[in-house]
Amino acid sequence: MPSKVIPLAQAAALVPDGATLSLGGFTTQRHPMAFVYELIRLRRRNLYLFGHSPGGDWDILIGAGCVKRVELAYEADEAFATIGPRWRLAAERGQIEWEDYSNFSMVARFTAGAMGIPFMPLRSLLGSDVLARGGLSAEARAADPRTSALKLFEMQSPFDPRDRVVLVPAIHTDFAILHVQKATANGIVRIEGQTFADVQQALCAETVIVTCEEIVAEESLRSEPERNLIPMFAVHYVCPVPWGAHPYAVFNCYDYDPRQLKRYHGCAESDAGFQTYLDQYVLGVKTHVEYLNAIGGAERLESLAADPAYGYRPDLQRRRLDE
Amino acid sequence: MPSKVIPLAQAAALVPDGATLSLGGFTTQRHPMAFVYELIRLRRRNLYLFGHSPGGDWDILIGAGCVKRVELAYEADEAFATIGPRWRLAAERGQIEWEDYSNFSMVARFTAGAMGIPFMPLRSLLGSDVLARGGLSAEARAADPRTSALKLFEMQSPFDPRDRVVLVPAIHTDFAILHVQKATANGIVRIEGQTFADVQQALCAETVIVTCEEIVAEESLRSEPERNLIPMFAVHYVCPVPWGAHPYAVFNCYDYDPRQLKRYHGCAESDAGFQTYLDQYVLGVKTHVEYLNAIGGAERLESLAADPAYGYRPDLQRRRLDE
Amino acid sequence: MSDYTLTELMAVTAAHEIQEGEVVFAGTGLPMLGAMLAQRTHAPGCCIIFEAGTVASQLAHLPMSVGDPRAMRGAATAAGLSEVFSYVLQAGRVDVGFLSGAQIDRYGNINSTSIGLDPGHPQVRFSGSGGACDIACLARRTVIIALHEKRRFPDKIHYVTSPGWLEGGESRERAGLVRGGPDVVVTTKGVMRFRPDTKAMYLASYHPGLTALDVAQDTGFPLDVSEAVQTPSPDPQELRILREVVDPERVFRK
Amino acid sequence: MSDYTLTELMAVTAAHEIQEGEVVFAGTGLPMLGAMLAQRTHAPGCCIIFEAGTVASQLAHLPMSVGDPRAMRGAATAAGLSEVFSYVLQAGRVDVGFLSGAQIDRYGNINSTSIGLDPGHPQVRFSGSGGACDIACLARRTVIIALHEKRRFPDKIHYVTSPGWLEGGESRERAGLVRGGPDVVVTTKGVMRFRPDTKAMYLASYHPGLTALDVAQDTGFPLDVSEAVQTPSPDPQELRILREVVDPERVFRK
């Protein structure tokens, strides 16, 4: 089977302005950050993002002006920052369009898309303003096929009229970009640890790009097929990008980087600070290798490398950092 | 956490007459046969079976008169027998009630039950008599809450009226019985190889009984949690039953037994032959160990043991058996 | 005939329906022979899928069921029916699926459920759909394998287990099916295809040793044979691989 | 106060809401402290679940997010959000879920989305639901953790992110919710519960150093304090475990 391996910069260039996409990972783990930085360097505009609980991957894209609309449940780095600073400011300033869902409903939307059905029924959302209210008008929805015609639809079960469910509409994106531990050149993917909604996000996308810590031989992944969750023919491009999720964690590879996260959140609270961060760590460097040098190089990375017995760094200093 | 281990006979005795149940496995692999033989010895009656592609596990239960109604897509041993002989005869003689579905729709019904939703939408079945016709009358359905009020329901998507889907009703059974390779005493389960619909069957059942080839230490399964698919609190009872799926295969443990399958299918074509088989291999033995002796004992079993490099027996003679 | 059997001819003919790189949803028996032969000859990159949960197997021994441990050999992914049916088949990722049945009508609708006008009181009961209805509804195209006898190709079948072109024309699309439909029928007597407009079956080729008329006479509905040619004989190299590599145990080969 | 902090008091109080053997859906922060403390004290068999995909973790280090690699430690199952939300939460297998928010009303409805009457033009935007709405709808009962300030307990919240008892009485059931509802609110000032009939919040206990009236005055709706007692102080053994075993790094402990 032909190789699907391409350089990161070439993969990022596949995403045009106005594209719909989802990014793998969850708050503080396995975001395709190297890919995100490339999109910012390419100055992509008017992207439509779909996610459940993204973190700084979205926040920096929003701050860099790449994003027109988001459909989401949450955007923050949890204990590192309870709301993404650029997302908060963009929302409060009216610089971004959005629609609020919950994690379960967004994941169910990806799942419906992945399964090839138009909707999924849920017992969540009933009684909430997530169901009762919408961020986008009917006109805005009708005008743009990238967003579902209806936000949600409540119905009675035909099998028992006392049963009420909410139908959530399927998502289909142009792209899904995942960052994983291992992949083969021909697109077999191994995710270690929590899978989040990466599988469903991949399977509801037209084009799937996987960045990985390591390209491995086919036999090594075929020997345990129970752990390869994405059919290989659904993966279109594979990019080897070691440390590709920094400053976020990758189970069994490295931990999150509390110092860099603190730096980001410190800077991103103000427009000027954010621009400084962008200039220093994204626009001012040309490649991910240069980025890794900018954040502290081998010494910093070594301090984050996972202890194989834990899959993370048990001695990592996470609080009371004085730089 | 307290142990969930109980003897097989005690576990089987939990299933009362008239219970609804599903059995794990698919045609020729991982059926909880030792449990099935116990149900026959207990002379259970009026069972309601739900399945996608069962094999001889159902056929022998049907033949032994244990079953009142089945909802299914298929019942056969594939290349060993293209229809289960006792199921065929029971259907042709009007001795059993049934409803026909497809594999996908039955699995989606289990999945809906497992997910806690009343139905799942599908794009299959449209245009077929599986959708257009039913085996059970509206009166029969209304009279028995063990069966869904409607077989199926066709609807337009509220998100796009051109989209049509079939809603399949959730299944909830009293029991699910699985046979797996490994389990811990407190209910962590490891399935190796194809999972079939075992996970969904377990999760839509009120009580889950797992029979296993081997009870293993908790650490050995917790070290690879990505491969334990059933939340441990959903498993109620665990029974160690080596060779518990014979004459069917268990990946990485043993192959199917072509000679015993030939014997069954040869006998089961006639009422007298079937009774002889039952007497010799089920009713005439008291325990699974006695059964294993009856089918040939250690010598036969050794000839079926899997080659670890394959997970099955590459040199197994499967055709042109002359006993 | 000659130096090959009818089963071998059908296996080779079925293999030719698989193109390089395609995703193939294979069932037990002849479809496995065809898919494995294609993978060992002209379509090494075809991806074999079994509904019981395996994707991209590199079979070393023929499975006797789609849930056989042999299907695990070299698989890239192993999961369950739900993953294969929803994420692969329903999502539109299967290029070609294989079907068979007891009765087939002129539009490629298939009965594998029962004989008798009331399926609730069958004269003969078969195994039922299994995954056949789902493959018929959701694969991009299907290949039907069948024994060719007049009673198996009747004017009207007793139960539509697996929808083909329904009443022909655009009736399949009108029923709400989003893709697919039967592409070819490979039988013990010939190869039939479907007219693009009416979706009626016609004879594309008759097997060596038979005539087009022989096939038409063994078909229970009028069969247009005007374009029929003789089915090509298997290539010796294909036969060798089929016999020595694909099915040396003669699991399905007769 | 004394030899423990307010955060420690709240963590211990939250831990007491978890019973032995229960399935606990925990979020980042105080709920993790409470769940881990319960597991190390009176409820060793409680099963800690994180929505990002882990079941029955045996935490060695406090996660800083529910998707933290630390959540993998000793887990019995690791999968994704879909498995946890559908097979565990929606299926009714979660005994207790934890919630927090920026605004909470007398019926335990929670706003964690935005301040301002039009959520499309927020004065202050928060992170949004995350899994909170789902936990509020689908757990068997919920424990709410909050800072206690008058503006955070208003007469009317601006957005119902997570449904509590809605308008009280049987309104939750009428909305179609099949189970659950808030059981208790643990704040920086006291512990509140809900009347079985009206579902209105009342003060169950006020923290040491405060009076019932103090709490009522810092609440934006009328709060029945007639049954309020003082919140029990943490047991020294619990405090020791919280400090030495659960959070020696002071990740969440203040």
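The letters A, B, C and D name the chains in turn, as written, and every chain counts its residues from 1.
Throughout what follows, a residue touches a chain if its C-beta (ideal position, glycine included) is under 8 Å from a C-beta of that chain, and two chains touch if they have at least 3 such contacts.
Remember, it's a predicted structure, so these values are computed and weren't measured experimentally.
Participant: What are the mutual neighbours of chain A and chain C in this structure?
Facilitator: The common neighbours are B.
Participant: Taking each chain's centre as the mean of its CA atoms, how far is chain A from chain D in angstrom?
Facilitator: Chain centroid spacing, chain A to chain D, equals 27 Å.
Participant: So the centre of each chain is just the mean of its C-alpha atoms; given that, what is the distance between chain A and chain B in Å?
Facilitator: 39
Participant: Touching at least two other chains at once: which residues of chain A meet that condition?
Facilitator: Each of 116-117, 122-123, 165, 193, 195, 199, 226 in chain A touches at least two other chains.
Participant: By residue number and range, which residues of chain D touch two or more other chains?
Facilitator: Answer for chain D, listing residues that touch two or more other chains: 54, 72, 78-79, 86, 90.
Participant: Would you identify the shape of the chain contact graph, picking one of line, ring, star, complete or other?
Facilitator: The chain contacts form none of line, ring, star or complete graph.
Participant: According to the definition of touch, which chains form touching pairs?
Facilitator: After working through each pair, the chains in contact turn out to be A-B, A-C, A-D, B-C, B-D.
Participant: Taking the complex as given, what residues does chain C use to touch chain B?
Facilitator: Touching chain B: residues 28-29, 51-54, 60-61, 64-73, 78-82, 85-86, 89-90, 113-114, 119-134, 136-138, 159-163, 166, 171-172, 175-178, 249-252 of chain C.
Participant: In the complex formed with chain B, which residues of chain A make contact?
Facilitator: On the chain A side, the touching residues are 116-123, 148-150, 153, 155, 157-160, 163, 165, 167, 169-170, 192-193, 195, 226-227.
Participant: Which residues of chain A touch chain C once you look at their complex with the stated criterion?
Facilitator: 1, 114-117, 188, 199, 203, 221-222, 225-226, 228-234
Participant: Sort out for me which residues of chain C touch chain A in the complex.
Facilitator: Per the stated touch rule, the residues are 23, 45, 47, 54-56, 58, 72, 74-79, 83, 86-88, 90-93, 138.
Participant: Where on chain A is chain D touching in the complex?
Facilitator: For chain A paired with chain D, touching residues are 25-29, 52-53, 72-80, 82-84, 87-88, 91-92, 94, 100-105, 107-108, 111, 122-130, 132-133, 135, 154, 164-165, 193-200, 249-252, 255-256, 306, 310-312, 314, 318-320.
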